[in-house]
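After the structure tokens below, expect a handful of questions from me.
Chain IDs A, B, C and D follow the sequence of writing; residue 1 opens each chain.
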Amino acid sequence: MLAYTFKRLLLAVAIVSLAMFLLFCMIYTIPGDPAAVALGPRATDEMREALRIKMGLDQPIWVQFWNFFTGAWTGDLGNEVLSDRPVLDVVLEQLPYTLALIAGGISWSVALGIPLGCWAAVSRGSVADRIVGVISVAVIAVPSFVIAIYALLIFAVTLRWLPAIGAGEPGDLSDQLVHLILPSLAVGLGWVGYIARMVRASMLEVLEASHIRTARAFGLPHRMITYRYALTIAILPTITLLGVGIGQMLSSAVFAEIVFARPGVGKLVYDAILTRNFPVVTGAVLVTTVLFVLLNLLADLLVGALDPRVRSSF
Amino acid sequence: MRRLLREPLGVFGLSLVVLVIFGAVFADLLSAYDPTRINPRVRFQGPSGDHLLGTDQLGRDLFSRVLYGGRIALFVALVSTAVSLVIGIVLGLIAGYGPRWLDNLMILLFDSMKSFPTVMLALALVTIMGPSLTAVMVVVVLVTVPGYARIIRTQTIAIKTSEFVTAAQSMGASNGRILFKHILPNVIGPLVILASMDIPVVIAIEAGMSFLGLGVRPPTPSWGSILNDGFSSIRDTAWIAIAGGLPIIITTLGFTFLGETLRDVFDPRLKGR
Amino acid sequence: MSEPILTVDDVEVTFPVRGIGKEGIKGVAGVSFDVRPGETFALVGESGSGKTTLARAVNGLQAISRGEINFEGQRIDTMSKAQMQPIRRRMSMMFQDPVGSLSPRMTVGDLVTEPFRIHGAEGRDMRAETERLLSLVGLPVDFATRYPHQLSGGQARRVGVARAIALDPALIIADEPTAGLDVSVQGEVLNLLNDLRERLGLAMVIITHNLHVVHHVADRTAVMYLGRFIETGETEAVFGAPRHPYTAALLSANPEPDPDKVHARISLPAEVPSLLSRPAGCEFHTRCPWAQARCSSDAPGEVAEGARRHRCYFPLDPGAMPPGMEGAA
Amino acid sequence: MTTLAISGLNVWFSTEDGPLHALKDVEFDVPERSIVGIVGESGCGKSTLINAILGLLADNGSIEGGSIQFEGAQDLVILGPKEMQDLRGPRISTVFQDPMGALNPVLTVGRQMVNIQYRDGGSTAEKRARAEEMLSLVRIPDAKAALDRYPHQFSGGMKQRIAIAMALMMKPALLIADEPTTALDATLEVATIELLKDLQEEIGCSVLFISHHLGVIAELCDEVVVMYAGEVVERGSVRQIFNDPRHPYTVRLLECDPARQTSRSRNLPTIPGEIPDLRQRPAGCVFAPRCHRVHAGCDQAQSLVEIGEGHAARCNLALEPQTAEATA
């Protein structure tokens, strides 16, 4: 298990490094002088030159990359152009809102998806199974921002049941939770479908396995077979899927934050792009990437811890 | 095909898809209005006999904008999916059949590509390229290629040790023959079905980027930009948002239901992917 | 007696093991044999004995770490892929799974003519070749348009045979030719192979775990255990009076379809050791009922007795039973 | 008392290409404390028969008529799922072919063996002790430590022995063994058969043993049922079947086994032709298209003809002894 953890960790570091490299290449290919772009048309030549030196743009490319790379690993993502605050602080300030949103999305998808998938698998071929199938496919298909806008239109604008904008009063937990319901539903609804389908498919696969036939042949109770023999195995691919899904939920979170005017990393990046605040863009992209890789790593390790076959094969 | 028509869900999906394609192809015949013509006298008009879906803040006819927006969506979906498929197949075959180190390197590259959340990637890319249809397509290709390449790679690795490939090797078949005669025909079917099921994802990316103002430039109509127009005035003129969202829902549902049924009919092994 | 068509001399196959300083696993550990034209040579052993690895090495699908393989007077183990190409026309291999060894998206017609396409014999009339080959293996000509999954195990095996003989090879290596086939079909395949061997003068190497099959089809037999030949010789002689305890145990372990038969069985304790931890001395001593002190320390070399060879310090006399079991017979 | 008495059992499957008659008029008994072997080639209906007995037929399969009397008291055909579940395990247990897949990969062997005893009262410690005892009975070395290991940590032969231990732990009246040795090597196969025989005598249960390996059947079984295309074509004591077969299929099947041929021959006997499509059963004898003794009477449906004590064959020539002419 230790070797497995180490191996996964090393892989995560490699992926983040490579992602940094790709990101650097992207920044480098931005047409025009970043300093000029950052300062706008009214800046003087001296101002631009000063900023160029400050941003290290006068150095050779590999030095620039090395500075960027070492800076990124030590948490130095540069400073914001206008306020000159460290980008990391700016991003970390917004991160909790996004994390709350994603946690809300995961809660929706797990709380609804696993029971639905399980139910569909057990009552395979029935009307219930078909309905669950169609609904899960449908919620996967419709893009999250359309769900966000329609949810806003129905529940906030027309019915006025739930608040439309913002993240709620700071310090007021119940207000914050109420403000979280619609955005997290928009983030998580598609994943209810994904999880339900995945659980159903892997449940059906496991229920076909010969060890389940053995368990039936020993007359073990239906509940024990379904939940202790089958679901414990069927849940494993779901965990991996959720790990990957965090990335897509991060994407959906960007839309949810914009539609519901919530603070968060997505909103931060979007605003930064509109104001051409590039250090914030790269910084936020890097932070979310690291977050994504870390959560993926966590999912893999969880699967490793739950599955004795994975545990001993490394 | 006959089996597809026996599945009610497949028939439903197929009719939605046909409807969308029909609307896009015959947009100029179906609508009396130029989708980009600004007419300040008819701003913010609700749906009526004149304007089936109403008009937007510039007085443009929403029905004709929706139809022309379909052209953009379908164009992006078809072209970029085809490009992704070709790149994905080539990279996947190389990774799966080539030397071990190259495989490891490519997997690392695919994983890094996938570790950027889609929207973050799109945002970063648009920062570089500026908003355009090309940027949308590049994003789609970057987002989908790693997945396709991985599937092809996994399948190739599974198949390259199978007995029929070993048998071909033992007869002295060349690498090219093994790749294209023995491996490719066995991996391409599932991939094409999976790619067709990705069409809704591609449409969502195009609409999403246009919604954020990072895709198609105004005044060219796109479902995403209509949705954005509607979103700005959602409290007063809800029909604009509905007009922008409805075609997205119809198209994604249609392609998904159709793709699901096709997959079940042609390749039941892929169920649940 | 004619010159051997295939000579395998002290061949070793090593699989790398991950980890620094670890030695590789020896899948095949120093094996020598030869096969003469028109002869059927059988490799017998349980799973993990290395018989398939050895066959793959002979066919050039698996690199060898020591020894020499000569085929029709040419050394083939050092050949490049391009140099092997003409050899592949003369030596063909059949694989275990009758259906799985046929490419699923190709028709039977494409499959049986694939050898011609590979070896640039495009000038031939493919239709005529398909008909010739299918009738040679006893399949109707209209099978040419079928796909592998539409064939039964026996029919798929016949297609495999047709592919193997397409280019008039001198040697066929058949890995478990009867695996996955019903008893009533096994005979068909074996008869077909034997018939072709006689008609075309082929040499054959048959790999199998089924001793009864070996008894009927093989001229000579080699018994493998943990990657070594522990006994080799004329099939009748080996089966009639095994010299190595493992051969004896294997033969006695074979349940016979005769309810009146009284079994004098040599039972073997424990299971086959892992290749990762090869026992010292004689590799069979951990399970051998006759094992003595010497067997666990020194590895016995190969002893030749006329046309037979074995690796045992204390070879058995006919009808021998393990100590303590003598009365049972 | 008869442990299992099957009579007139018919099983149908609905398939996309029409209904499939998988088992037709299957009829045989498993007497108390005896081992009955079922022989047949692929497609003969062996697995369907097991699933029908266990009440585990696939959703598209159904039993249409017939009865499966268990211990003279219950008809398994009409038993509800709950009662059936109560029988599986304590009264009827099963060992399957694939030792690799038969055990749950994410639960320890001990956990699985304790779970099987869920019906019994008593502490987990007692159940573990019972499991340990069973494991040592099937000669698993260091049984106590084995309880805490996962299935993938055992070799194939050991896994199959663990499966046998699990099957016999509740001292069932009937053990169904579905090709339990097919996946094992020859030396392990023999050891497993001997173990099975010893345990059967010790526990005093009946065994329904399915195999395509004639040698294993001959060695282990008291009685033999020969199946072909979903029908019982012949049944009798092991000596009757092997020494005096009366159905042409049995005769040919025995001939085909290279082990039955004493003299070494390069030309092995075969049965030409293939099993018929069970969606279109021939009106007469199912074996007629491949039979070497086919004659005018074969286009009529055949019934089981009694030949002697417990010996019957589904052939209208059953009363004539089969001669060596078959080989011609």
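Here, a residue touches a chain if its C-beta (ideal position, glycine included) is under 8 Å from a C-beta of that chain, and two chains touch if they have at least 3 such contacts.
No experiment lies behind these values; they were computed from the predicted model shown.
Chemist: Between A-D and B-C, which chain pair is linked by more C-beta pairs in contact?
Modeler: A-D
Chemist: Can you give the whole-Å distance between the Cα centres of chain B and chain C?
Modeler: Those two chain centres are 52 Å apart.
Chemist: Hey, how far is the Cα centre of chain A from the one of chain B, in Å?
Modeler: 21
Chemist: Give the residues of chain D touching no fewer than two other chains, as numbers and ranges.
Modeler: Chain D, residues with two or more chain partners: not present.
Chemist: Does the chain-touch network form a line, ring, star, complete graph or other?
Modeler: Drawn as a graph, the chains make one closed cycle, so a ring.
Chemist: Quick one: which chain pairs are touching?
Modeler: Result for touching pairs of chains: A-B, A-D, B-C, C-D.
Chemist: Within their complex, state which residues of chain A touch chain B.
Modeler: Against chain B, chain A makes touches at 11, 14-16, 18-19, 22-23, 26-27, 29-31, 134, 137-138, 140-143, 145-146, 149-150, 152-153, 157-158, 197-198, 200-202, 204-205, 244, 247-248, 250-251, 254-255, 258-259, 266, 269-270, 273, 276, 278, 281-282, 284-285, 288-289, 292-293, 296.
Chemist: How about chain C: which of its residues touch chain B in the complex?
Modeler: Listed in rising order, the residues are 59-61, 84-85, 88-89, 92-93, 95-97, 100-106, 114-115, 117-119, 160, 163.
Chemist: What residues of chain C sit close enough to touch chain D in their complex?
Modeler: Interface residues on the chain C side: 46-47, 152-153, 182-188, 190-191, 194, 209-213, 215-217, 236, 249-250, 253-261, 263, 265, 267-268, 271-272.
Chemist: Residue numbers of chain B touching chain A in their complex, please.
Modeler: 9, 108-109, 111-121, 123-128, 200, 203-204, 207-208, 211-212, 214, 227, 230-231, 234-235, 238, 241-242, 245, 248-249, 252-253, 255-257, 260, 271-273
Chemist: In the complex, go through chain B and note every residue touching chain C.
Modeler: The touching residues are 162-174, 177, 181-182, 185-186.
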